[in-house]
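The two complexes that follow have subunit A in common; it is paired with subunit B in the first and with subunit C in the second.
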Partner chain A sequence: MNYNGFQELAATNQWSAIWPELSMAGIGLLVLCLDLFLPSSRKRLIPLVAIFGQLALLAVLVMGCGCATESTGPLFGGMIESGPYTPYMRAFFVLSSTLVCYLGVSYLSRQNLPRSEFYLLTIFVSGAMMLLVQSSNFVMLFVSLETVTIGFYVLVSYCRYSPFSLEAGLKYLILGALSSAILLFGIVLLYGAASNPALAQSTTDSMNFAALGKFIAATPEEPLVLVGAVLVLCGICFKIGAVPFQIWVPDVYQGAPTPVTAFLAVSSKAAGFLVLMNLVAGPFAALSKLTVPLLSAIAIITILFGNITALGQRNVKRVIGLSGIAHAGYLLVGVVAMAVGVALAPWAIIFYLFAYLFASFAVFGVMVHLAGVEDEIQEIDHYQKLAERQPFLAGVLAIGLGSLAGIPPLAGFIGKLLLFIAAFQAELYTLLGAAIIGVVISVYYYFGWMREAFFIKPALPGDEARPSYPMPGAVGIIHKLTLGLLVVITVLMGLFQRGIFGG
Partner chain B sequence: MFSDFTLLLLSIFIPLSAAVVLFFGKSLGNSGVRLISAIGFMLPAGIAVYLWMKFNAQENLIDGFAYVGGCDLGLRESVGITLLLGLNGISMPLFLLAGIVGLAAGIHAMYSQAERLHLYMGLLLVMQAGLMGVFCSIDIFFFYFFHELALIPTFIMIGLWGGEGRRAAAMEMTVYLTLGAMLSLLGLIALYGQTGWDTATGFSLIGLRDYFAHHTISEAVESNIFALLLFGFGILVSLFPFHSWAPRGYANAPTANAMLHAGVLKKFGLYGLVQIAAPLIPHGALAWNDWIVWLALGNILIIGFVTIAQSDLKLMIGYSSVMHMGYIFLGIATMSVVGIGGAVMLMFAHGISVALMFVLATAVFNRTGTYDMKAIGGLGPKAPVLAGFFVAASMASIGLPGFANFWGEFTIFIALWENHPWAVAPAVFGVVISAIYGLRAASNIFFGSQTKAFTDSLGHREIGDITLAERAPATILLVTLAFIGLWPMGISQSIQKAVEADPVYTHAPAKLAERDNAPAINIADTEASLPGGQSL
Partner chain C sequence: MDTLALFNILLFIPLVSAGIIALFLRRGGIVAAGVSVLAALGIAVVSFMILFGWNGEPLGGDHYSYTWLEFGTYQINLGYYFTYESATMLAVVAFVGFFIHVFSVGYMDDDQNKGRFFGGLSIFMFSMLGIVLASNLFMIFIFWELVGFSSYMLIAHYWDKDFAAAASKKAFIVNRIGDFGFLVGIAWAYHYFGTADFAEINALIASGEKHAVTGIGLLLMCGFLGKSAQFPLQVWLTDAMAGPTPVSALIHAATMVAAGVYFMVRIFFLLTPDVLEVIMWICAAMAMLAGFWALGQSDIKKSLAYSTLSHLGYMGTALGLGFPGLAIMHMAMHACFKATLFLCSGSVIHACHHEQDMFKMGGLWKKMPITGTAFLFATLSIAAVPMFAGYYSKDTIIGAAFGVGAETGNSAYYGVWALVLIAALTTSLYMGRMFYVVFLGKPNSEKAEHAHESNLWMTVPLIVLGIFLSLGAGWFASSTLDFKWANGEMTAMLPTDATTFMMDGYDVAEDGSHAGDTAHHVDKPHHGYGGGFTAAHHAIDASGQKTMLEGSSFAMMLLGFIFTFFYYGLGPSKDKLQTQLPGLYNALAKHGWFDDIYDWYVAEVQERFANILATLDQLLISGLLVRGTAGVAGLFGMVSRSLHVGNIHGYVYWFLAGVLFFGAFALGML
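After this line comes the complex of A and B, so read on.
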């Protein structure tokens, strides 16, 4: 940002353009102040403030989604630019953050952990994600990405008495720092290359996506640019958990508190994909000769790796983590299609992300309710006879998993269908083949999980020796309503798509 | 009172809403559950029969489809998906089949001893809704969608109410069928892709026919798409060697589920080949023609011998249903009016007769406590009516004149003689095979002397004859078989009209080039001629 940018910023008042992000920050600060000043007997109010504050914001955002939003152009001297997906992604992150806070209520009370910091961090991180997906400058991108990542370092190791959680936190810290370093290195290389006056279209504002895009379009063969772009993409691939940067996923997903696992699986991944979409369609648009084969290869390996490794898992949090890798693979297919230039692809990705949000939170809602005090040890065996003991939870689980597996008439199926059509339009036949194989494999573990919940297992010798898992009490009315709503939305999104994305 | 399109919609939504009521209807009690399921099964069957009776008198057909109507659920503009319903001469018999077999399976299930009857009936009704939807969908996306909708209950029903090997069978079947479904979905998307992603054509079969009639596509592309559809559908239809899920799945499935799956749902893939794949991409179909014939002979001969070797009655029926798929594939391979007509006729007949066999096998099991045919004997004198039904059903399944199966097999052989004369002999030999296992099953179970082991296992239990709850579905099915056997015109007329209207079948295989050069067929503008001026 140069001098003119500051001048322009001073002359115009652009803060109103990011009012949702500011409101998120406001809710977070309110939670912090309440924690300081409220007497401890009134602290029960804090989660209510966090959840209802975000719900109110969400309501305003959803009402705004229907209106046609014009792109406001670059804001804050080119730091931020809202695109056609911004309204949807704002609603996405606020919704996800609300649900994480909601899951946090029952989790935190069971674990006897400090309350308010959890909500605070979740809200700040979500606000940072909302900025991240709009950033049109590498400085902005990196600052908001680090805000997100540092928040997650704390959240992942939130359960500080649990060795699993601490181990997860340490792993996430080291690998997260590594990925940030790689990303930063890539950014610096691009910055250096683009500021070189000897090259065509060199620019003084080389952190800016638009200026950088022009430069790259003029010199797409420059080796520094290629290396820089690859490093930036690798840094993002860490965040979405794509192979070969997926090593942290199973351990971190297992060790993190379940609501945080949900937060990582849904919001963090979605933010990574939106950044990837912005990059692929923005500054790296001229590099499709590089991005298409690179991301295609990553997508194929990611789909196969995620699905095959999930097959052998017995811990449900690891299953969700590894299957989440597979979902990242399917979404990468969409990103590749977008890089090729298919207009349907970005909408397919966003639909898929929403379907993934509703289905995942339905499953996580069931998991949080069933988890004992030892949150990390949630085995598939715990789900035995769930249908007999708690038919409602079993039904929610079936619909959530069915949607993740992509079974019609659920939302996940339409998401996959749109992605497949987009891939077809981009003529990515190899990727389609890999995706099909992945879907078939995934049916085995998703349905295997459902089978555990629904089918009565014939008694085997030695069964008596095994400990039986105590079932938690009945499901409260609020939890029933929330899960019921998630399930209904999942079914409705599978049947009617009218009105979503402006028709 | 209702427009015919509304009737089609109702035939899907009545079972679906009955199912939703039943899922939450734990407190209804068995009689309440039976009442609601009776409504859920009888009304679609009634609608199917009503529409069938007035089908031949229909005028204003849109590309051969009657009762057409549609509505947009939100994906039309982006990817060209519309809920478009209607029936033509090929889908009408299968729609009727779904109604009749559904009714029989419903009655059988209502009086079965299943625990948690409300859930059992609810799942069966979801399946019924999917089946009605499959055959009246003109939009090929919804054709696929309804198939999947009918498939999910199968997994749950096998797992909850299935036989001994249910856990493994349910998983095997689900994974296998997902593979088939995914391949065929890719094939269907590829068909839409050939139009250059024109959302006005979209997934509508009418639009696609119009497009493919006016545009030539390279033979290699046609062949690739056809391969996707052939093997995708083939897995779903248990084409040899992708059949292993079928007998095990049926053996472990609860009876009503097996009736609907083997009888109706499995016809999805065959219907897809006859109605969608072969007419749209005939060059692809011809390129794979020899494959179809050889694999179909594998179904008939290899699986035929495997069937003879079975001693478990339910497994035998499962294998025999795999075997009979071979004849239908042969009929499709001929690509001629007679052959395709025979194939559709046999689909209808086989659907009824295999459902009937499952009813009777369960009746035998309820009396003897075993499916092992070698352990049973001399049941005939104790249950003469059951024996009569069983012998008649075996005769029908073998293909004796007087039953609908005969017309199907007979016409397929005639068509085969013109196209692949060398395949007629092995195919006819298949009839001998089915006679061997069919008659042997009847004689083992009902005739001869009672084995000692069987007598001992019975103890002092009395064996009664077929009960009303078993007799009603068996009668519905047997009467339908005999009715169409004696008056094949009932469905063959509409089939013939539809098949003859298709230039692919009248010209294939020898004169396909002639069709390609023939002047384009003028198909009415579908948008304008929809009843009531509905906008899609």
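After this line comes the complex of A and C, so read on.
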């Protein structure tokens, strides 16, 4: 590349275009510096800085969402390209990160663990996710993905006194590394194939999505391309927890500290889906003959496996994990519809992700409040008579679970409805059938949980006297407001879904 | 400020108040009361801002609506439709509602659950305003159910008493029966007209594009029968008196039960003459029967509840005769004097430490002069003594029945006239009885002995609603007292915008300000059809019997008061009718044995049928389908759960198997 070429590339380095990501990094660094220089008596400021910093950023982002966003085109020499979903997903990750930090405050107050690193890692990981969903080059994708994953290795095993957390961290490390290796291998195969001058449309910039897309469109039957593409998909399926790469989910979700479980369930999964959407609509668009049947099969198995396995679980973190697999399955239906070419599908996915965010954090908020010191042992039995002890929490739980189960008029119902409409428009009737069966099964375990909270009395009269589970105190006003807000948004999104994404 | 913004604020005030109370002030006591009363004040202020700023043009259409759901061509809007009839209703709800809130502060001072009570009142105000402003059938149904819910919640305020819990259940279930017909009617109307919007349906019928259908009208009428407690769904209203007295005043006398009438007026253009005739007969009969039933009660609130039934019957009769304006006028006048009567009874009950038996009261006039005066004014008003509010609406309804009969030559209308005329007699009978028994003579119990006048929270609303409005609310209709002030925004004691519909009904088109609205009915059964007070008086004048009509009503009123004065005496401790004619008294007390008939039906017919269905359900649906499929799914679940062995080697093999599976797909092997 000659001098002019470099100059052209440098001209695309518009740092101002990624100011939200830079701000996240800035907040992270600020937290780090405060941790270094603040006297220990002032350290309680750190979570406040982390949370309010992100809230301020969120406010700016949300105000920006209303304005028309024009695509800036490829930036940083084709590394990054913001799409129509970028503003929403930026807000999504910042919001999720804020909520994780907020739950972290509650969680860490009960543990004897270092504090600031938690916020730091959460913020950096979220920043990396924001970059990840904009990457338009496999190098960028891999680097930001690894930033996310390595952050998670630490976060999952954050509770280093707990054997569960350590075990979960180890499992996540090994399986994460394995999936990264598979992903990288797939990338390399694609790189190799696309750089082969003997093939049509070969390119020197073969990591770039656009160039790669052109190449694949010209040679969709090339075996190397096909194998490379499915290996990349394998790597992404690990992130979203689709069968057969779901196997780590229950153990890791159970062992990880509850806020990290929420982070994994919401942000990590959403990032995986956005990457999958970018790939399916971008470089792999020409492979729809492969991706549609493959992802359809995966979606059906994932929905049924997740829901059926969640049926008999008694540990709520495992239930959430397994039901999360099922949600990944529903979202995959949307991705398939998108691959078929339904315009509604990507917006349905994003609406679903938002509905999932609000409902999940409502449920996790309740879980964090009810959890004892032994964070990984949260059984459904602990929720017995919650409605009598803590009617507010029981109400929040009911609305959160109701939304996850897709009960009208909550947001989750509209999310599922939009996904199903997209699937219907794409004529994916088998997928639609599987998804509906899955929803029916899911009602069983979600309502089982609610039933425990509202209707079950202790079986023996003596049980009441000596509860074997922690009895948390009253709910603070801030916690009430936060959970109340999540619930209100869940209800409002169910009632007024028009105008959120312009129809 | 933009009217749309005012409407939004109007709905949000009570919702926010209810939310704050539910979240933070459930044990808030007096703070919760304060929030709720301030919200009611806010509603009153905003309502009058809307009324004074309004130029008389109907407000509706796209600018005033939000799309709520949209699937293809199927669309549900949430919107406002503001016309003269809504103006009247808004003024009543806001003004009477505020004073009843104030009264509640005094009445509930010894209650432990103020937060729940005042939160419920706020929810009620929200729902009621929603009904008043709703622009379409779907939206009115939503708020219709919400008032049903708040009524249910407030009747059961003393939930630890069995009768209150049972009464709230009864009210809820009976209303559901009416609402079922209502809902089917909405679906049919939407199917037939292709829209649920009042203004659009209105335009379709006015242009002759579609005709009103009797079936739709009858089904929608079911909602009215349930909410306004008319035959055959009248049984819930007297039991609903188990709630606190301000609730009886606000919900079960002044506003919610009148919402049924309001709704019928709102959809007047899609009621065919057949539907109106059904309404007219049902309501005229109820006006008379309930009047008699009121004589068979010794509980002051229950007696007043039958009086409410009777007067809802009057409103329905006015509607059925084809005078929606007159129906709304009687609704408004009734809201003033009946709210007063209930509030006075509340004041008395509070003073007598929750004694509700009239025959244990007596002699309260001297002990409670303000309450007594307000009660007297409201009594004269409800009995239609000239110059009092009730006279203008009630006597006009009675006369209008005769007038329409004379105009159309249909003698059936004379039957209606006879029914409502006898109902007028019963009014002065039960009101006279109540006044003499409760306020005159000597105290009949320890509690009445020690009664004393209530505090200012309670007496101020009594003075405003009882003394001023029970007397003067109807003056705008008089030809001598209809003075205008405040730049013509006020006529006598009411805002001019609120009086227009009562005077003219849907005939406003004649003076041009309401052009293009519902005045053009396809087949007018009689001349004044669709009108209000003015049109009814035209009919009366045209019959040439004005003096006879006025005289007969006046005579009935006088007869009732004189008869009860001599029959019951002053402050008796026993009901003379009960001791002298126990058979007749019991027949009245049983109010037509409807409760017994319904009980028999539920226990003997419905219960047996339900048992058969329950058996089928247990065997087939629960046993085979639900348990069966759950068992299969659970079995699979056990298998798939056992796959999570926890062993990391095993997990790595899963990954490899997954890669092979994906690879097989890629190479076309699957």
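Note that in this section the second predicted complex is superposed on the first by the 480 of 503 C-alpha atoms of A that agree within 3 Å, B and C clash if a C-alpha of one lies under 4 Å from a C-alpha of the other, contacts with A are read in each partner's own complex, and residues count from 1 in each chain.
Rule of thumb we're sticking to: contacts are C-beta pairs under 8 Å (C-beta built on N, C-alpha and C of every residue); 3 or more make two chains touch, one makes a residue touch a chain.
This structure is a prediction, so every number in the text was calculated from the model and none was measured.
Student: Looking at the combined model built on subunit A, do subunit B and subunit C fit side by side or clash?
Tutor: clash
Student: For A:455, decide between first (touching subunit B), second (touching subunit C), both and neither.
Tutor: Only subunit B is touched by A:455; subunit C is not.
Student: Is A:26 in contact with subunit B, with subunit C, with both, or with neither (first, second, both, neither)?
Tutor: In the superposition, A:26 touches no partner, neither subunit B nor subunit C.
Student: Considering only touches as defined above, state whether A:251 meets subunit B (first), subunit C (second), both or neither.
Tutor: A:251 contacts subunit C only, not subunit B.
Student: Considering only the touch criterion stated at the top, classify A:231 as touching first (subunit B), second (subunit C), both, or neither.
Tutor: second
Student: One more residue to check, A:84. First (subunit B), second (subunit C), both or neither?
Tutor: neither
Student: Between subunit B (first) and subunit C (second), which, if any, makes contact with A:313: first, second, both or neither?
Tutor: second
Student: In the overlaid three-chain picture, which partner chain does A:495 touch, first (subunit B) or second (subunit C), both, or neither?
Tutor: In the superposition, A:495 contacts both subunit B and subunit C.
Student: By the touch definition at the top of the document, which applies to A:444: first (subunit B), second (subunit C), both, or neither?
Tutor: A:444 contacts both subunit B and subunit C.
Student: Who does A:436 touch here: subunit B (first), subunit C (second), both, or neither?
Tutor: first
Student: In the superposed view, which residues of subunit A touch subunit B and also subunit C?
Tutor: On subunit A, the overlap between the subunit B and subunit C contacts is residues 444, 495-496, 498.
Student: Quick check: in the complex, which residue numbers of subunit A touch subunit C?
Tutor: Within the complex, subunit A contacts subunit C at residues 170-171, 174-175, 178-179, 182, 223, 226-227, 229-231, 233-234, 237-238, 243-245, 247-248, 250-251, 290, 293-294, 297, 305, 308-313, 441, 444, 480, 484, 495-496, 498.
Student: Okay, in this complex, where on subunit A does subunit B touch?
Tutor: Listed in rising order, the residues are 344, 347, 402, 407-409, 413-414, 417-418, 420-421, 424-425, 432, 436, 439-440, 443-444, 447-448, 451, 454-457, 495-500, 503.
Student: Within the complex, which stretch of subunit B touches subunit A?
Tutor: For subunit B paired with subunit A, touching residues are 72-75, 77-79, 141, 145, 148-149, 152, 155-156, 159-160, 166-167, 170-171, 174-175, 178-179, 182-183, 185-186, 189-190, 192-193, 197.
Student: Hey, which residues of subunit C end up touching subunit A in the complex?
Tutor: Subunit C reaches subunit A through residues 23, 66-70, 630, 633-634, 636-638, 640-641, 643-644, 646, 648, 650-652, 654-655, 657-659, 661-663, 665-667, 670.
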